[in-house]
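Below are two complexes that have subunit A in common, paired first with subunit B and then with subunit C.
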Partner chain A sequence: MSAAPAYLDSPPPDVAVAERVAADQSTRRPALLFFHSAVAWLVIGSVLGLVASLKFQFPDWLTGEAALTFGRIRTVHLNAVAYGWAGMSLVGLAVWMVPRLVRAPLYRPGLAVAAAWGWNLWLVLGLGAVLAGWNDGLEWLEIPYPIDAIVVVAGGLMAISVLGTVARRKTKHFYVSVWYVLAAMVWFPIIFATANLPVFGGVEQAAVNWWYGHNALGLFITPLALAGAYYFIPKVLGRPIQSYSLSLVGFWALAFFYSLNGIHHLIGGPLPAWLITTSITASVMMVIPVAATAVNFHTTMVGRFSALRYSPTLRFVVAGSMIYTAVSLQGSVEALRGFNRIVHFTHYTVGHAHLGVYGFASLILFGCLYFIIPRLVDWEWPSDRLIRWHFWLALGGVAIYVVALCTGGWLQGEAMLDAGRPFMDSVSLTRPYLIARSVGGTLMLAANVIFAWHYWLVVRRRGTERMEPAWSAPGALA
Partner chain B sequence: MNKYRVIFIGALATVLFAFFLLVFVPHLQLVSVAPPAGLKAYADSELAGRREYVSLGCLYCHSQQVRAPGFGSDNARGWGRASYPEDYAYDYPHLLGTMRTGPDLMNIGGRQPSRAWHYAHLYQPRAMTPGSVMAAFPFLFAVKDQAQMGDEIVDLPAGVGPAGKVVVALPAARALVSYLLAMKHDYPAGPGAEAAAAPGGSP
Partner chain C sequence: MNPAAVYIIAICAAGLGVAGAAFVWAALKGEFSDAGEAAFLVFDEDDPPAGPEQGA
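Let's look at the complex of A and B:
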């Protein structure tokens, strides 16, 4: 087989279009409910993120109530953006994408609708509990585990709907995006259930905690965001992804190496050295899937970069994909003992995390939504300008954020390692960088609010009716 | 790939392999770790304080793990000896932490044994440590016209706190400080600890 397998087993164009319309009709209710919720969580989560950041400048601000203390606001921020925004929009993306890719309408969309409500209920109760002072005390797993039962049920309902669709597929071939979606549906329940088991304690629990914490990114957010990039880059360009073999390498290498990541979050800690070394090795080996994916995306794009001017979807997705390469390589370096010794307990890690979840996953998600929403609400995005503002504020904001925290974090780490300097040096020298973080965070919040406003306009079908999508120039993508 | 069995079994195999290597094998290795003779189980008030620590999110800025000399300056800073798995035998949930926006607290009870200092520091961190960015926790305290029997009065520097009133520690603050004062891991632990503790053993 010399040519790359067809993007889809090719039906005649008119049939293909009719099937895609039917697929979108079947996913309309659940996908929109997931996306509406995700955008609401994005705004809530990023407001709280900025509040938490400003508390470094104004530590006596909002200290009257336990619910408003840094430790709780930060926690609700993390959970709202990770599980509310990223989690719900990624699941919405999967629900929308799978029926198109397997050429079958969504099986029992009502189950997926119920899943979206359940997911929201989980977050409202869970984050309410955190604000009230009840949490599991484990990073990324703060929502009390009895409340987590709700998301297990919701995830199960979603799985029935998506797997039922796959079972009714008309394609012989699975496109790479479907591999990632199916794998994430295997991985996430297993790591989530394991980490929530109330049977571990002490350092063993720390290991399980970070195996989960890192793989909430590695085996849930990353594969679903990559599924989106694999779908939209060829979709918008109208040409297949460059190499089927590279897709295979990228997928299986990610499956094998990412799953062994996590314990490097405890480098220097009181755990068996072999355990930490295993995760460091796996983290470095992540270079393989990352390079495979990067080469595959880049060679698909080569010669077509001008399309970035005409497609908001492509621009966001390509920017997110490039940041994926950058953040993954940064992570591999960060896991090396010599480097990690300096940055381990510092703001550097926070900068890295935001480059991943915002720079990589969120930019790709924004790009996906720019494509999907007009097809679900039958209305084009009303404003070209708002999309431009969104893009540059998001990119500029995250750039300031990450550069500030990685620089400040590095200096903070060096100060902490020098026993001749008082500990307070490591606090006071970070002040300007934490101010810059608040500035970057403000731009990111502005980007998110602009996006949410524009999202509101398009789903309410405001503005004049457009025949051409936003940014398009006649013949630009011909 | 055109068989979803391949994807499912492959995905399942990778995650189960990771589970085996990163969860199950460490469990076999760590399950036999016994609490050292010198480590006391938490008293009820200390456990209540530990719950406050979790509830208020102290762990997001403070670690509880001392690195070995040679991998950082922890020991030279007076933060205590290197930590070992057995130091955490009574810890549920674990609170090892990943950030040091503030200092490590594994031995805060030994380093700062004054209950009064902790009360004042929690009420207004900047009164005790100028330049601190720690959140203030005034809601762990009550402001009264005058103290009553059994109240623990917070001794604040001049100019801090409401004028003409007394600030007293609420039960949550008392418990939290009891927990912090219990954070003393200065008994022998780690390889060779038993030999060192035995009479005539080499140090």
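Let's look at the complex of A and C:
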């Protein structure tokens, strides 16, 4: 890179500080806009998720209006949390993190701000359309494709801003988090635009639908969440990642093999067997990047686990990273034909999805926000207690939710496969597990509301001014 | 061959091409030759590793 200054990755201290300050100043407005929006969508999506869950206990509740029926409420829940909360907060994370890592101000921050407004407009119009009964009828792609054009433009503006920043980098190397962000910025537009093309029909539509649905998680949410974990675990511990080379192995293994995942959702469907087998193979091969990441995070943490007692960022990010390992291995097993035969079409899949998006990605995001927000608003989180409640309610809620649905889903699958049992057995036996689902969902909603309230307090600079970061004292966490 | 297979394999092949090109580019730029240096990019001069969440 001919434009790079001579010092490359080791600038003089005063230059490094000036570059970091400039990077932070350039990202403040767009990052805050993405985060404010994400937290609002988190609350909206969580409320709708609990409403949808409660309908399993009270099926006649809120049935007077078509917009409030299960099919629409549940759909809006999924889109609000996947694209509104996770999507916007992950993009905000990328906007904040990349300029720091490449030591260059964000390129044209106005484009990122416009992207955030566009993303919100897409969601408001799209989810309004879904509530009104207009949707594409495809899971994860329900928002009508003419409205999707808005997010394509917004995503393009976002990509110009981030890629332009990277093009003006003052570092010789890309840190692994930058690799993940760049990849997500390239992959997501490809899969989103392809899956929304109105040219597919029938079986091919189903194949493209699930190829997209799985890769929205694997090629967008996963890389951006891992980018956050690779940044904040070393950052908070004050020591570099144990094996940087291994982190690159994990990234490139994901880059080369993940995109073939997804078709295993259609095991048993009318598709060529080799196509499904290819996807199953790719899913099992994901053990390689997952193991590389898990080993790297764990060995970086060895000897430093006591830090979890006084760092909210580390506590959330490490918990999310451990769940990443668990949910990824669960996914690889779930793709195997023998296992899939039982859990397909059951609540098990719903449990798995929540373990991924909430247990893995959301916990990491919460941890990232506990670090970033005080630096953006120059005000520390006012309450240790609210952070503790947030953590335990979130972790306890998702644990109850996932254990209940995976157990109930397995029993449901066995009942459906037993030709000697009436179908209604497979429905009625899930009742206690669906109650547990609502209990877990209530705890997660409580955690999210507490976090949103605390977020409101810190961005409004409310509460007593603190000179120390929340939980900075060893042993502050009971 | 099922049209779905054609679409998906073609798109995945294109993605593989992009990933492969990026990998070759990274190798030629020396990203893997002295990669350990990059591991320290997360740290800033005014961001001491003295304790959790201290510094900028």
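Going forward, the second predicted complex is superposed on the first by the 460 of 478 C-alpha atoms of A that agree within 3 Å, B and C clash if a C-alpha of one lies under 4 Å from a C-alpha of the other, contacts with A are read in each partner's own complex, and residues count from 1 in each chain.
One rule holds for everything that comes next: a contact is a pair of C-beta atoms (placed from the backbone, for glycine too) under 8 Å apart; a residue touches a chain by one contact, two chains touch by 3 or more.
Owing to the predicted nature of the structure, the values given are computational and were not obtained by experimental measurement.
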TODO: Based on the superposed arrangement around subunit A, label subunit B with subunit C as either clash or fit.
DONE: clash
Open item on the list: With both complexes overlaid on chain A, does A:Val236 touch subunit B (first), subunit C (second), both or neither?
Closed with: second
Open item on the list: I'd like to know which partner A:Phe70 touches here: subunit B for first, subunit C for second, both or neither.
Closed with: first
TODO: Mind working out whether A:Met424 is in touch with subunit B, subunit C, both or neither, as first, second, both or neither?
DONE: first
- [ ] In the three-chain superposition, say which chain, subunit B or subunit C, touches more residues of subunit A.
- [x] B
- [ ] Give one of first, second, both or neither to describe whether A:Val186 is in contact with subunit B, with subunit C, with both, or with none.
- [x] both
Task: Which of subunit B and subunit C A:Asn209 touches, first, second, both or neither - done: first
Task: Contacts of A:Arg388 with subunit B and subunit C, given as first, second, both or neither - done: neither
Open item on the list: Just to be sure I read the superposition right, which of the two partners does A:His36 touch: subunit B = first, subunit C = second, or both, or neither?
Closed with: neither
Open item on the list: After the superposition on A, what does A:His298 contact: first (subunit B), second (subunit C), both or neither?
Closed with: neither
TODO: May I ask you to decide whether A:Ala307 touches subunit B, subunit C, both, or neither, giving the answer as first, second, both or neither?
DONE: second
Open item on the list: Identify the residues of subunit A that lie in both the subunit B contact region and the subunit C contact region.
Closed with: 172-174, 183, 186-187, 190-191, 194, 200, 203-204, 206-208, 211, 248, 252, 255-256, 259-260, 263, 271-272, 275
Task: Residues of subunit A that touch subunit B when the two form their complex - done: 55-56, 59-60, 63-66, 69-72, 74-75, 133-139, 166, 172-174, 179, 182-183, 186-187, 190-191, 194, 200-209, 211, 219, 248, 252, 255-256, 259-260, 262-263, 265-266, 268-272, 275, 278-279, 341, 344-347, 349, 416-419, 423-424, 426-428, 431, 434
TODO: Quick one: which bits of subunit C touch subunit A in the complex? Just the residue numbers, please.
DONE: 1-5, 7-8, 11-12, 14-16, 18-20, 22-23, 26, 30-32, 35-54, 56
Open item on the list: Help me check something: in the complex, which residues belonging to subunit B touch subunit A?
Closed with: 1-2, 4, 7-8, 10-12, 14-19, 21-23, 26-27, 29-31, 33, 54-61, 63, 65, 67-68, 71-73, 76-77, 82-85, 87-103, 124-126, 129, 131-139
Task: Parts of subunit A lying in touch with subunit C, wherever the complex brings them together - done: 9, 13-14, 16-17, 20-21, 24, 100-101, 171-177, 183, 186-187, 190-191, 194, 200, 203-204, 206-208, 211, 231, 234-241, 244-245, 248, 252, 255-256, 259-260, 263, 271-272, 275, 307, 310-311, 313-314, 371, 375, 469, 471-472
